[in-house]
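Two complexes follow with chain A in common, the first pairing it with chain B and the second with chain C.
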Partner chain A sequence: MNRYPYRARRRTLLGGAGAAAALGMTAACGDDGPAGTADDPIELSFEWWGNDDRAEITRQAVDLFEEKNEGITVTTNFADFPDYWQTMTTRMAGQDLPDVFQMDYSRLLQFGGNGMLLPLDGLVDTSDFIEGFLDTGYVNGELVAVPVAGNTLGLVYRADWFEAAGVTLEPGYTWADYQKAMREVTENLAEDGKWGGGDFAGQYHFMELWLRQAGGSFYTEDGTALNFDKAQLVEWWSMNQDLAADGVVPDIGTTSQWEEGGLVLDALGSEIGWDNFMPWFAPAVAENGGTLALAAPPSQDPNNIGLYLKPSMQFVVGANTEHPDESAKLIDFLLTDPEAIAILGTNRGVPATNVGRDNVEVDEVSQQVLDYEASVEQYLASPPPPPPAATGSIEQKFAEVYEQVLFEELSAEDGADTFFTEAETLLASEQ
Partner chain B sequence: MTAKTASGREIVRNTEPASERAKSWAWHLIMIAVLAIVLYPLVWVIAASLKGNTDIITDTGLWPETVTWEHFASAFDGLAGIPLWKFFWNSFVIAGLSVIGVVASCAMTAYALGRLRFPGRTLMLGIVIATLLLPGQVMLIPQYLIFSELQLTNSYVPLVIGKFLALDAFFVFLYIQFMRGIPRELDQAATIDGAGHFRVFFSILLPLLRPAVITSSIFTFIWSWNDFLGPLIYLYDMEKFPLPRLLQSYSNSEGVTNWGGMMAMTLLSLIPVVLFFLVFQRFLIRGIATSGVKG
Partner chain C sequence: MSASPSTAAEPESGTAGEPGAPPDRGARGAAKRRSPGIRGGERLAGYTFMIPWLIGTAVLTVGPMAWSLYLSFTDYHLIRGGDWIGFANYTAMFDDPMFARAVRVTIIYVVLAVPVKLVASLAVAMLLSQKRRGMGFYRAAFYMPSLIAMSVGIALIWKALFSNDGVQDSIMSSFGWDGGGFLGNPSVSILMLVILAVWSFGAPMVIFLAGLMQVPQELYEAADVDGAGKWKKFVHITLPMLSPVIFFNVLMETVGAFQVFGPAYIIGGEAGSPAWSTLFYTVRIYTLAFTDFRMGYASAYAWLLVVAVGIVTLIMFRAAKQLVFYAAEDK
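Let's turn to the complex of A and B:
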């Protein structure tokens, strides 16, 4: 019983009517729990974030799992990313998490750090993951998550626009080179509502990249504090001031009205971003008559681009599960069964297992992503430790404060002060 | 109006009706302008549901350059092997149970709090009204904990049980206010004839409360039909999803949202609400009129 401390606690929480009702319900299915036969199946729940396309193929893969594992039925549930986390945090409070669910690296510590996730060592088959990938699944020395697919940062750009402007991005190019390139593309386009690129300073991931290129990091090793000073933040936030003033990048008044990304809107010529998002953008860009390409992001140091392979999503098992073995079986199936891999394709990204890569059908755009990852392989450094639980809120605050700077409600210096105060409060409250 | 002579009438016609007509024209023009503003979003949704996905976000013009029916076709496909009617059915079950619950429980609660005299009545009424002031988000986690302990999550119980327990204080309040307009002499007369509380309630008050019943039914139906947060938190099984969950499955924070599919589905999911409203609106108007006169 020690393995499921939460389950034990749950049973004692509500006495009286609650327990009686609960007992009445479990009694109906027999005292020993489900037998795991076709008549009395074990019920697993499996949840993820995503849209209807992902639901469609995931359900197909799960149906196949049920077919191959008689005696296990799987209920599936999904929601879009922000709503998904709203339900998961509510259910974390109730210690009522699904058996198997999809985890985001930025949330791993929030859930794994307080025992909400079941240790997977010895449960899930870990022999087939691509090297170094599993490292990101450890919290306090215990494996609590396995990667489904990975991604890394890159520069997604409109090859047609860059070519027309005669701009090339040589490997090892600097941030200043990138800004110059945006300027040239914007000038060459000479069209209202089209720019060579956007203001990238509002994303904390990009600042993290920039810090890593100089040997730094965003959070300290133990994740309790920010690992840079205000002057560095001011420098980062002031980087694109001239570009915005000259109209090289769209101003905040414009971008804040966009419902979709600039590449999809046919408005931006380049964007730093996660490389696995490119397959989502490519069809829309193609429809607008453009072509996309992927390059390494700009760097402060040509020998250190600061990249690392991050799990784009992970699978975890809730510590409150009553069926750890069956849950592990489902994870193994989704990641290593050739038929399941063929069904799931690259919807969640290029698989993180060798058998996955051998069996997945990769389309042209995903192949571009794979080629890109191979090309920067020599630059991939060890990943930073899982970010602190507060990182989601800090990320949001980072963008909000920078927005205020752009709207000229705050100077970059005042903005840095505000952000540091907010971030320190958030970090302290999550300890 | 009848006039004695033809000439006399003509004079009247040439002066008064002219200004009358101008007034009427201006009035109608203003009303049409207001109507256009009110209906614009609906027209936009209809137009967007017929556009290609990239056109919706890039082409700001109202009318689509090329009309496509693919969004409706894909909407009729349902989701992950679950047919579309199933989502409509689930929504109907939740909304229907909610309406039954509200009508059954709120009227009775209102009778107790509005008509009966018993110790602690004012305090209880105060507590009921006070729940109106409590934001739903505050109760989200505690409520979830309760239903989770009772193992009632992933069922419709958490979504409708409150309706059966008269937790919708707004409607209790509505019924009480409405009941105040019904003369007490009616129930006293029934009491003299030997009727108990149940008889008074079912035979005298409930029929007179009909406008309030209709009003609360319409609102409850629309609110639970559109509710997203409850089904999001409590339902884990796609088979049990109501329409708002299906609608949300078109949005995609990671990539490109299927706006066209969302617009088409929005239109389809509006139809039952509009029908429900059309059927009941005659009662709704009468309900407001009568309660207005008496209140």
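Let's turn to the complex of A and C:
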């Protein structure tokens, strides 16, 4: 009988015990350390988010690195984006981060601002990066991340479906134009399980774009508060109400069960998204007999489409690494070794280094991305400051609360109240 | 030790008859008083043997508990530390929309899962208490799910079973259901977890089974003589005789249900999808602590759960005084 109190306590202690266990992990250390020879190699860990395709070519590049650097072995690991960040944040708590890992701009401050990333100045070769790319790797004046590739937002759409519906998106088209286009494509398809596009209001990046187009921003300059009011959020979240009611976009009960993106599933005709996702979508779409095209996202103001060039992903070194030099060597190798670049291709985006651009084989899809980026170059504005440390959590809450609105658990107004409460608490907790 | 010479001498002294007996008894009594438990040296040995357990309890249970109680009065950030803020964490919960949701989801789960699971396990236990051929196999078969129910694999299978066009959707659709898979429908998604709990009724079933075996057969025989039917025997013999076991299971399952985490976390994720409908209290604690890094606030959440479960347990013990029948007390 006296088993329950014991069980009750043990479970509720998860929090505290986890912290204690995490501290214990940091104490784990071995002998005098490896010598870095073939018999006693230095072991690096390297982790990233991505899929099987990325895993395969990354493993090939890492094998080549091990071949060229006797005495270093690299263990690799990967997960999809949400799982990756769930484990990384937990491991950050335990100071158990990998030696080298992939970083996202929205998480940079959360890790870098808490001293979890090793300063890379003088460690990693920074001489070859294309101008402007390094700017987004600084936290508190220190370089803690180097860009792998750049990306920016765009509208990825099924050229074949749009053509069949006779819909064209002229440069400078508005959000309302885009909604009209989705409606026409959906109606023209007239097929169960296929839509002209999806509900885009659940992603905070897209609302940021929308705010930037009107000269605003998502966070205040110092990153301590939201820089918009509840009325704006309600307006943004109400934008697709009619479309959802008319079945122009799939309902939340359907999309919440999708394990993959709507474009890959042959279900959606368009999606606002990062342009470097094109190479991910293209093979699946081609398999379904479709063709993909890339256009600038809808805008409020044709002269200010709110775009900026963001690092699609960055490489960082965990502050607790025992092998900073070897870790830097791996990063250098992946970004500047011509053979490695040839293997990795454009899977992570078009490389951010000159030697990368010279040696990468640009296929048709990547060329589309490059052409697109060139076409919007004149509209690219300077990036906002790195988003606050709580951004990762705020991004999730943004999607979760909008889900409440879509399921009609909350009205858009109550949802805005809820989101503001959560976001303000999270921002305050990081001050 | 001192007793053994005297017992060894007994055969010879036995011829002396009764007079030899009292000192002998006295010697035995003295030996009892000096039994291992009360000797200083052996007491020390006992505690020595307990040291591993004591260390484990102090380091892994009592210490972290005290620490988390302290943290619950701070705004402790997992990386940056924090300061004492008194009861602010506890009062903040009243303005926390996700707290209310997590409490609601958890209570709905407890209220649905515990009774259904217990009724099902009692029913199956009664079937399995019969003497039939191959009963050992059936008992093992019904117990089996509880061994794997909390695993990641089963949670993933559950997701597949209850997705759109999954097994549940196809079966129910043929009866006119148009709500799709439970996985995408927030008004019924919690049923997935209730069904998972019911499916894994092995532990209470085995306890019920043991309890049923203990009920004296002569009570049923007497009832048969009086012409009682099956239902009467169940209500007037089985239930009262089983009531201590029922109480044990109710308590056990209730406390366990408040703390369900693994399957909920895998099926609904941190977001308790769809639409926070599987946002269990423990999932919320996990997200607060390890995603949002708000360890202080998460600790306050955890301690509130300790208090709540404690109160529920207390109420149950009070109620048990009225409802539970202990056969031994009547003797």
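Assume the second predicted complex is superposed on the first by the 389 of 431 C-alpha atoms of A that agree within 3 Å, B and C clash if a C-alpha of one lies under 4 Å from a C-alpha of the other, contacts with A are read in each partner's own complex, and residues count from 1 in each chain.
Just so we're on the same page, a contact is a pair of C-beta atoms (placed from the backbone, for glycine too) under 8 Å apart; a residue touches a chain by one contact, two chains touch by 3 or more.
Every value quoted in this text rests on a predicted model; they were computed, and no experiment measured them.
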Have a look at where A:E403 lands relative to chain B and chain C in the superposition and call it first, second, both or neither. second
Applying the touch criterion given at the start, work out whether A:E287 contacts chain B, chain C, both or neither, answering first, second, both or neither. first
Please indicate which partner A:T168 is in contact with in the superposed arrangement: first for chain B, second for chain C, both, or neither. neither
If you stack the two complexes on chain A, which partner ends up touching A:G392: first (chain B), second (chain C), both, or neither? second
Touch check for A:D96: first (chain B), second (chain C), both, or neither? first
Regarding the shared-chain residue A:Q86, is it in contact with chain B (first), chain C (second), both, or neither? both
Which superposed partner A:S429 touches (first chain B, second chain C, both, neither): second
Contacts for A:G50 in the overlay, against chain B (first) and chain C (second): which applies, first, second, both or neither? first
Using the touch definition from the top, say if A:M116 reaches chain B (first), chain C (second), both or neither. second
For chain A, give the residues common to its interface with chain B and its interface with chain C. 10, 13-14, 18, 82, 86, 90, 93
In the complex, go through chain A and note every residue touching chain B. 10, 13-14, 18, 21-22, 25-26, 45, 47, 49-52, 55-56, 58-60, 63, 75-83, 86-87, 90-91, 93-96, 98, 259-260, 264-266, 277, 279-281, 283-284, 287-288
Along chain B, where are the residues that touch chain A in the complex? 52-54, 57-58, 79-81, 140-141, 144-146, 148-151, 153-154, 232-233, 235-239, 245, 248-259, 261
Footprint of chain A on chain C - complex, ascending: 59-61, 63-65, 67-68, 71, 75, 77-80, 92, 95-98, 163-164, 180-181, 183-186, 248, 251-252, 255-256, 259, 261, 269-276, 282, 285-286, 289-295, 297-299, 302-303, 305-306, 309-310, 313
For the chain A and chain C complex, residues of the former touching the latter: 1, 3-20, 82, 86, 89-90, 92-93, 114-116, 252-254, 256-257, 390, 392-393, 396, 399-400, 403-404, 406-407, 409, 418, 421-422, 425-426, 429-430
